[in-house]
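After this come two complexes, each holding subunit A, first together with subunit B and then together with subunit C.
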Partner chain A sequence: MQGIIEKVTELLDNGTVDRVLAWKAGEFSYDRTPAVFDKESGLYGLVYDSFCVNNLSKYLIEESKKDGKVLVLMKPCDSYGLNMLIKEHRVDREKIYVLGVPCKCKVSVDKIKATGLTGILDIVEEGNDIKVTTVYGDTTLDRKDVLCDKCMVCKDKVVVVYDEKIESDETAGIEKLDRMAEVEALEAMTPDERFNFWRSQLSKCIRCNACRNVCPICSCTKCVFDNDNTGISSKANVDSFEENMFHIVRAYHVAGRCTDCGECSRVCPQNIPLHLLNRKFIKEMNELYGTYQAGTDAEAKDPLTAFTKEDAEPSVIYNR
Partner chain B sequence: MQVNESSKEFKPCIVAFCCNWCSYAGADLAGSNRLSYPADVKIIRVPCSCRVNPLFILRAFQRGADGVILCGCHPGDCHYTTGNYYARRRMTMLFSMLDYLGIEKERTRVEWVSAAEGAKFAATMNDFISTVQSLGENRKLRDLRCKE
Partner chain C sequence: MLKFTSDQMSTLFSAISAMKTLYVPVEKGGEVTFGVWSETEKVRLDALKTVKSAKDLFFPQAETMMGFKMEGKNIEIQVPEEKMDEFVVFGVRACDAKSFEVLDNVFLAEPVDTYYALRRKSGIVICAACTRPEESCFCNVFGIDATAPAGDIVTWTVDGTLYWEAKTEKGEAFTAQLSEYLAEATAEEEAAVAAQNEAVKAIIAKLPYANLKVDGFTGDRMMEYFNSPKWAELYQACLGCGTCTFVCPTCQCYDIRDYDTGHGIQRYRCWDSCMYSEFTKMAGGQPRLTQLERFRQRFMHKLLYYPMNNNGLFSCVGCGRCVNKCPISMNIAKVIKALGDE
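Right, the complex of A and B next:
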């Protein structure tokens, strides 16, 4: 944290960058909001800790349109999203100074609350302990138990695109879970069970569009869902089909481009496991068209914009 | 869905996207050879199989189709050289997603039919219709507003 502030101050003072895109403390001590700092405002309020979970890469679309250079703090998993934005010419790389920051997995406030704690006043992280102060007394939780779901299947701790990076050898010290385990469990069900599972999940959707708005890949200037003629009327619960349609179409639009950053599931106010749709596509593409991780670099073609003559026929689906 | 009152037999509504250069000509050949296939197949002519946006297929289901089939040139024979290779990947992904969501995968199909394969076209349609017929009406992916 101190190293990051020093580095950012140095770059801001010597004129390398004009603005800084990072996180600031929000209303509560565990709230972190993306924020832009500049020379005038100073770095007052800038934080980087285990609660800084937002993916900042999407904010660069707007930030890189402005004058001057913007410095961005880039966590390893967010850097995949940035690579995709560079690849799709959605950001101006020249106007961005990427400062890679280490990540030892993020803590989920929702998970802390899910342990049954209410009246939370303050959450402080000390080493591997999470100290929670509530109006009913203090509790200490093990950090490993309250990590974000997306961090449990972390891809890597490597920042894939950066101008400079700050290293740290701290690790969360967790056993990574199998990323595809949930998908495989669903695949093992019968079609009717799967249908009922998805109906029960997708019917919770309130069409707030948070999943779309947070997704670094969903960056079209004019979105298909803002078009009245798509057969999707942007209203919640109009029809059971429509809920299916919205989520199939959204998953399909990011198929082969999704970096599996897990933000869609994290922001969903209804806790729909949207990452399971994206991971299904990732799993299928890896199996049928060779292993591919979107965002590893800004050049490789994604599976749906490429082909080989020996590709499997669609009938492989029926033979399972 | 159309129910023939006299026989009460379920007649599925099938939407077939056919590429202009091969499958549509194949359907034409089937017709001029007087090969019969049920009239429940609604053919939509597209310039190339890769013109079919996955949204088209969902939209067809929404509007009441019981099965959707995509026909194009054989891989390697695309009029636009590579269009059907892209379509192949796209449809594989879409169908696997529909299957994942619990929709009967037999309701969707991709078949490569060339302009010279009128008999194959008729046989494919007959086979697909009987498959969809055995599955019954599409209840999972329908829009109630579009049904009478």
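Right, the complex of A and C next:
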């Protein structure tokens, strides 16, 4: 954290950058809000800790339209999203200074609360201990037990696009889970079971559009669901068909482009495991076209946008 | 004060549900929502807050208002029946109960919204006093007592026993129907309820938002707040999603649209969100062009426009759902702090 503040201060002072996109500490010891800092505002409130979970890459669409250069603190998993935005010409790379920051996996306050803790007044992290003070008493949790789900299947700890990066050899010390295990569990269900699973999940949707708005890949200037002229509404599910289809349409639209950053599931107020739709596509593409990770670089063609005569025919392959 | 004589809540629920449709907090797909009670539902009375509030039962997220059918030059208008069986909602917290007052001021004022009025008339609200408030709660800031909710009937749970008090005529009539399950509470028991309420209030006083100051949000200062330079900083990270508005018990904006079903027109209304880009879009265009203006609208409405039209009643009840659910952790409590006089 201190190293980050020093580096950011140096780059602001020597004029390399004009603004800094980072996280700001909130009212509680766990709420973090993305924020832009500059020389005038100072770096008061800038924080980088285990609760800085928001993916900042999407904010660069607007930030890089402004004058001057913006420095962004870039976690490893968010950097894949930035590469996709560069590849799809949605950000101006020249106006962005990427400062890669290390990540030893993020802590989920929802998981802390799921242990039964409530009325949280303070959370202090000491090594592997998460010390929680609440109005009902104090508890110490093991950090490994309250990590964000997406961190449990972390891709790696490499920032894939940066101008400079701050290194750290700290790790969460966890054994990573198999990223496709949840998808395989769904595949193992009977069609009826799977249908019922998705119906029970998708019927919770309140059409707040948080999943879409937070997604660095959902970057259309005007989403079809926001266009009055389409006759469909972004505000309510007119029927259960639309309730299902909104998320399925979105999953198709980001297929081959989704970096699996997990923000869609994190922001969902109803905790619908939306990432599983995307991950199913990733798994299929890996099987059909060879392993591919969207956002590893800003040049490679996506499996679904690059056509070669050798391409597999999914229906043929899966029938064999 | 009465008490429920069994320790099995399902006895009470099955008695109520034999008479009327009963809504209780139930777990669906891992989240708690108000749903129709049945033996097989997983009831979650321990949940402090449902994801969506009880507002849904009176002002549903989407409802069909009427239908149109055209045959030649004739248009048949299909208006839904203005009849509804009584229903009961059990487990409404003090914040959500107060939100009905906020909504009543809007929907029951002339011209009365008949859809909402019918549901309000038909609904019996049984509240549950809070026993375990959390850090995002701040109902006390708006003068709400979490241990004394404003419903037709109020219940308190102390050491596994449910205590019961009717507060309105409707509540008394319904209590009479359940008399075989209820008995007078003793003076000691009433004292235990009062003691628990005091303990809960002492906890609330220790919560981080307990001392938010809202006195400064008065109509004479409307333009000062409207023009505050702080909005630019506050809205900065807003994603423009509708989470805060859809989990809010007092948000009441809606949109009305016609849907061509292929064999007629369905006119429906659905919740709208001031956070959305096409909110209140008119023939002349969009009155709030940027997210800053849309963001500001929400808080100006809660803290100034609504109270200015409703004798100073704020249209926030401090339930804290937006505090818990905002993807970027921006919420009305932060806005109050930033703009307020502190």
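Heads up, the rule we're going with is that the second predicted complex is superposed on the first by the 307 of 320 C-alpha atoms of A that agree within 3 Å, B and C clash if a C-alpha of one lies under 4 Å from a C-alpha of the other, contacts with A are read in each partner's own complex, and residues count from 1 in each chain.
Keep in mind that, in the parts below, contacts are C-beta pairs under 8 Å (C-beta built on N, C-alpha and C of every residue); 3 or more make two chains touch, one makes a residue touch a chain.
The model shown is predicted, which means the values in this text are computed figures rather than measured ones.
Chemist: Kindly say whether there is room for both subunit B and subunit C on subunit A in the superposition, answering fit or clash.
Modeler: fit
Chemist: In the superposed arrangement, which partner chain does A:R266 touch: subunit B (first), subunit C (second), both, or neither?
Modeler: The answer is second: A:R266 touches subunit C but not subunit B.
Chemist: Could you say whether A:E313 touches subunit B, subunit C, both of them, or neither, answering first, second, both or neither?
Modeler: Touch status of A:E313: first partner only.
Chemist: Touch test for A:T118: subunit B only (first), subunit C only (second), both, or neither?
Modeler: second
Chemist: After superposition on the shared chain, which partner residues are touched by A:V36: those of subunit B (first), subunit C (second), both, or neither?
Modeler: So A:V36 only meets subunit C here.
Chemist: Could you say whether A:E193 touches subunit B, subunit C, both of them, or neither, answering first, second, both or neither?
Modeler: In the superposition, A:E193 contacts subunit B only.
Chemist: What is the contact status of A:S203 with respect to subunit B (first) and subunit C (second): first, second, both, or neither?
Modeler: A:S203 contacts subunit C only, not subunit B.
Chemist: How many degrees apart are subunit B and subunit C as seen from subunit A, counting from C-alpha centres and rounding to the nearest 10?
Modeler: Seen from the centre of subunit A, the opening angle is 90 degrees.
Chemist: Check the residue A:K280 against both partner chains and state whether it touches subunit B (first), subunit C (second), both, or neither.
Modeler: first
Chemist: Please state the minimum Cα-Cα separation between subunit B and subunit C in the superposed model, rounded to the nearest whole Å.
Modeler: Checking C-alpha atoms only, subunit B sits 5 Å from subunit C at its nearest point.
Chemist: Both subunit B and subunit C touch subunit A; at which residues?
Modeler: Common interface on subunit A, subunit B vs subunit C: 231.
Chemist: In their shared complex, at which residues does subunit A touch subunit C?
Modeler: Subunit A reaches subunit C through residues 26-28, 31-36, 54, 59, 118-121, 134-136, 200-201, 203-204, 206-210, 212-214, 226, 228, 231, 233-238, 266-267, 269-272.
Chemist: Which stretch or stretches of subunit B touch subunit A in the complex?
Modeler: These residues of subunit B touch subunit A: 54-55, 58-59, 61-62, 75-76, 82, 85-86, 88-106, 109-110, 140-145.
Chemist: So in the complex, the part of subunit A that touches subunit B is made up of which residues?
Modeler: 186-187, 191-198, 224, 230-231, 239, 241-242, 244-245, 248-249, 251-252, 255-256, 277, 280-281, 284-285, 288-289, 303-305, 307-309, 311-318
Chemist: Using the touch definition up top, name the residues of subunit C that touch subunit A in the complex.
Modeler: 28-31, 33, 48, 51-52, 61-62, 132-135, 203, 206-209, 233, 236-237, 239-243, 245-247, 255, 257, 259-260, 268, 270-273, 276-278, 281, 325, 327-330, 333-334, 337
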